[in-house]
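First the structure, in the form of structure tokens, and then the observations on it.
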Amino acid sequence: MINFHKKWIKNSYVKIKDEYQLLDKLDQELGDGDHGTTIFRGLEHAVNSFSSIDQNDPIHFMKEISKTMRIAMGGASGILMSIFFAEIGNLQKLNSSILDILNNTIIKIKKRGNVKVGDKSILDVYVPIFNYLENNNQYQIDNIMKLIDDSVNKTKIMEAKVGRAKFLETKGVGVIDPGALSTSMILKEFFKERNNEENI
Amino acid sequence: MINFHKKWIKNSYVKIKDEYQLLDKLDQELGDGDHGTTIFRGLEHAVNSFSSIDQNDPIHFMKEISKTMRIAMGGASGILMSIFFAEIGNLQKLNSSILDILNNTIIKIKKRGNVKVGDKSILDVYVPIFNYLENNNQYQIDNIMKLIDDSVNKTKIMEAKVGRAKFLETKGVGVIDPGALSTSMILKEFFKERNNEENI
Amino acid sequence: MKKIFNNKANIVNDMLSGYVKAHSDRVKFSESNQRIIIRSKNKNINKVPLLIGNGSGHEPIAVGWIGEGLLDANIVGDIFAAPSGDLILEGLKIFSDHPGILLLISNHSGDVMNGEMAIELAEEENINAKSLIMYDDIASAPKGKESERRGGAGTTFIYKIIGALSEQSNDLDSLLSMGSYVRDNTRTLSVAISSGVSPLSGEKIFEIAHDEIFIGMGVHGESGYGRQKLDSSENLVSFMLEKILDDYSFNKGDIVIPFVNGSGSTTLMELLIVYNDIEKYLSRYNIKTYKPLINEYITTQDSGGFSISLLKTNEEMRKLWSHPSSAPYFHL
Amino acid sequence: MKKIFNNKANIVNDMLSGYVKAHSDRVKFSESNQRIIIRSKNKNINKVPLLIGNGSGHEPIAVGWIGEGLLDANIVGDIFAAPSGDLILEGLKIFSDHPGILLLISNHSGDVMNGEMAIELAEEENINAKSLIMYDDIASAPKGKESERRGGAGTTFIYKIIGALSEQSNDLDSLLSMGSYVRDNTRTLSVAISSGVSPLSGEKIFEIAHDEIFIGMGVHGESGYGRQKLDSSENLVSFMLEKILDDYSFNKGDIVIPFVNGSGSTTLMELLIVYNDIEKYLSRYNIKTYKPLINEYITTQDSGGFSISLLKTNEEMRKLWSHPSSAPYFHL
């Protein structure tokens, strides 16, 4: 399993490396302009830490990855985005359900972030997927991809209730939430890699 | 005589009021961009102080004017340009010679400013007029005007040896010295007014 | 971007290294982590230490305020990013032998989440650490919702006053109660005039027209009361103090401590002119002033602008405010 | 121009009025003239007072440096204009009962002419006043012509060291000789990165391309070693210190006081990074450092840039340097 985790993290890192400037730009409109740089820094540290973590226990491995990211990122996104990484350690087999993992992630983000669905945040990506998977035992990769993209796009019209954007005149309406976009990239890499490995 | 002095100062003030931005611009290229503002401030204070100075003795009157200007202006130009104003108190009659006054002005500027002819400064306006008047008992107002303008223009090609311009890469070559230009304006107003009154 | 640094990724480390070298008589790195700066000479083991974690890029706060009579440690985040709870916990652990530890938290999303996480983790390890959430910026939430307001420059009053109090061996709860008392008597309003450049992106942090100013903008460009045309110091000060006096009962006879904080590129010349107008305004209401603070303390790089903070004081606060501190960058 | 003030003509008066109100425990207007700021509590009549006249717009120097252990009075000129000799004389007269008076003069055309005039007028009135001309900027005149150099940020060492010495009842000549000794052991080099805006014209003070810096530029944009491309802190510091070490014999084992002065909009973050590179450079030559000064002290409005000054010290200088001062805006 740890090879899967590593591949997924690596792929996410490569993706974010390509896109971090776009994420910074969105955060420049909604916050302090560093979200891309921040998540890029987090994933870079994660990838570089692989060799120094014991690779026998996925739970332990992903806890360490999560902590590495949290420390490297700091800020609002570090503590919240690292939650999913810690939870994913519980994915013991490729075909095991991801529902519990998403559920725990969502509970923890809600609690730590004092945030609800519709507040224009990373939560607005996790929750629609959780709902979909709860209602569909089987899923088509294309549907998931589309759902994730749709969820991100919906944050565009939301008024921010959390994070720095809530203090804007516009409440951020008209701009995609950078945290939601980066989260979507990481989730898409997750489902893509899972799909690849299942197809091998 | 004091009415003459007052008229001349007033006219100089009006002239500088029109031109101080040009003088600032020149000083922006050669120094700290304040020469116009500075001489304008000096003349404004001078004009406003007329009523509070005893008007019986031209020497006393112009000493006070000179001091007022020096205090209001400060900087390099205040102390140097006020010298001529103090000296001019010695002009007791309209038709008395101005040679001594210019001579004393030049001596004092040279000493205080540690400056020579050709150093790109106000001195480069006073000295040519002094030389001309020393050699011409009678003068044509038009010749004087032209001489003054020519003297100012010659400062354009000079390398600055004094003031802030001497620290420039270019030594100020290519730009007219603002102090020379403002001095020329004041001197021209002097000769013009003298000419007017003689013609009455 | 015209900033002087070496490698972008090392800005914070290089800065801290310069700071610690320059002021080694008063501050040093903690043994465990070079993102934790502590006093060279530790506080007496019976006293309660004061800590804060915060993002960099706003110097001298808070790293410059470590010293006797002020902070015991600063946990330093990356530029514009609160440090993680893990790192803050490491800071708290240094002082686990003290009778209690007070963690100050300025009310910003990232700071609060990471601070609270650190306090929870400390509890699990039986460390007696408590936190105080600081807020003062009246533009960020309406009257009645004070606890939703952002932490602004007025939090400085808390640092300084309980920093002095903590040297008198007071227990954690007295510090907490004085801290919240100071907070509740503080009001801040800021004005942004021009944007600084982010060392991360090399871009302006926010946009503002050449003849506009922005009242109530947060340190990273978050909005407040909206845009206005540039005006005289006198009118600007009147507008700002009116808002502040509307928000809290500063009354005739009160003695307030004013703090005029420059955001980065606004000159001391301007800050002193602003202060002159503050004095004039307050004296019209018969409000007296005590030992004001006027300078750049909480900056956002080279942003232009300033904030006005007022603390309504009692005698004890004033005594603690003027108590000496050895911090390298805090000076009354 | 995005600056906060009221009437342009009153900028200096309003600023001084704010300053004196804010710090009335330490400074006040002289009775005769509101352009002369003196200590609230006069220096002992047997000691030699220290004065300086200088143009405004460069705050906190020198008006912020009035206090015990530092200056006794500052005669304040208009923006970028030295005060007239008449005004300086008025300042000197306040102290005519003291055994002697020392007038500091930073080597700039206007400052020197007006200062010398004041000294001459004082002599005529039998006041025992002497002046010390201060220079340190190696970019403004070559080695061997030191006395033609401009006064730069390194003149700070003189203010502080003889300010402390003057509290020890030393006579005028000892102050003069220590002052010139400090001057002769000081070297400064500056770099301009971006131009501030003049409050007089509302225009940039000088022009500089977006990727260029200027080594050795004077505070008003006067030139020095010429333009270069923007470079890393490390390379810039190496370049500057090489010039400084070429100019004067700073040697292995010497203890120097470094001063990194910010010009206005360069952040403390950057100044500390620069300091880190200075320490690294000097340690390669086994030159030791003592209590550096790092902050904005001599500014040119919101200009970007900094200067590096080094003073080669002996024990006495170091003791005087670290002697406490009560000035509102000078802090080690």
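We call the chains A, B, C and D, going by the order they appear; numbering starts again at 1 in every chain.
Here is the rule we use: a residue touches a chain if its C-beta (ideal position, glycine included) is under 8 Å from a C-beta of that chain, and two chains touch if they have at least 3 such contacts.
As the structure is a computational prediction, the values presented were derived from the model and not from experiment.
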Minimal step count in the chain contact network, chain A to chain B: 3
Between chain A and chain D, the fewest steps along chains that touch one another: 2
Chain centre separation in whole Å, for chain C relative to chain B (CA means): 54
Computed distance of Cα centres, chain D from chain B, in Å: 32
Chain C and chain D: spacing of chain centres that average the CA atoms, whole Å: 29
Two or more partner chains touched - positions in chain D: none
Arrangement of touching chains [line / ring / star / complete / other]: line
Touching pairs among all chains present in the structure: A-C, B-D, C-D
Chain A residues within the chain C interface of the complex: 24, 28, 31-34, 37-38, 41, 67, 70-71, 73-80, 112-113, 162-165, 167-169
Residue numbers on chain C that touch chain A, as the complex places them: 55, 77-87, 108-110, 113-114, 116-117, 140, 150, 198, 200-201, 203, 205, 218, 220-224, 226
List of chain C residues in touch with chain D within their complex: 2-6, 11, 14-19, 21-22, 25, 56-57, 59-60, 64, 193-194, 199, 210-211, 213, 230, 232-234, 236, 264-277, 279, 289, 291-292, 294-296, 299, 301-302, 304, 306, 329, 331
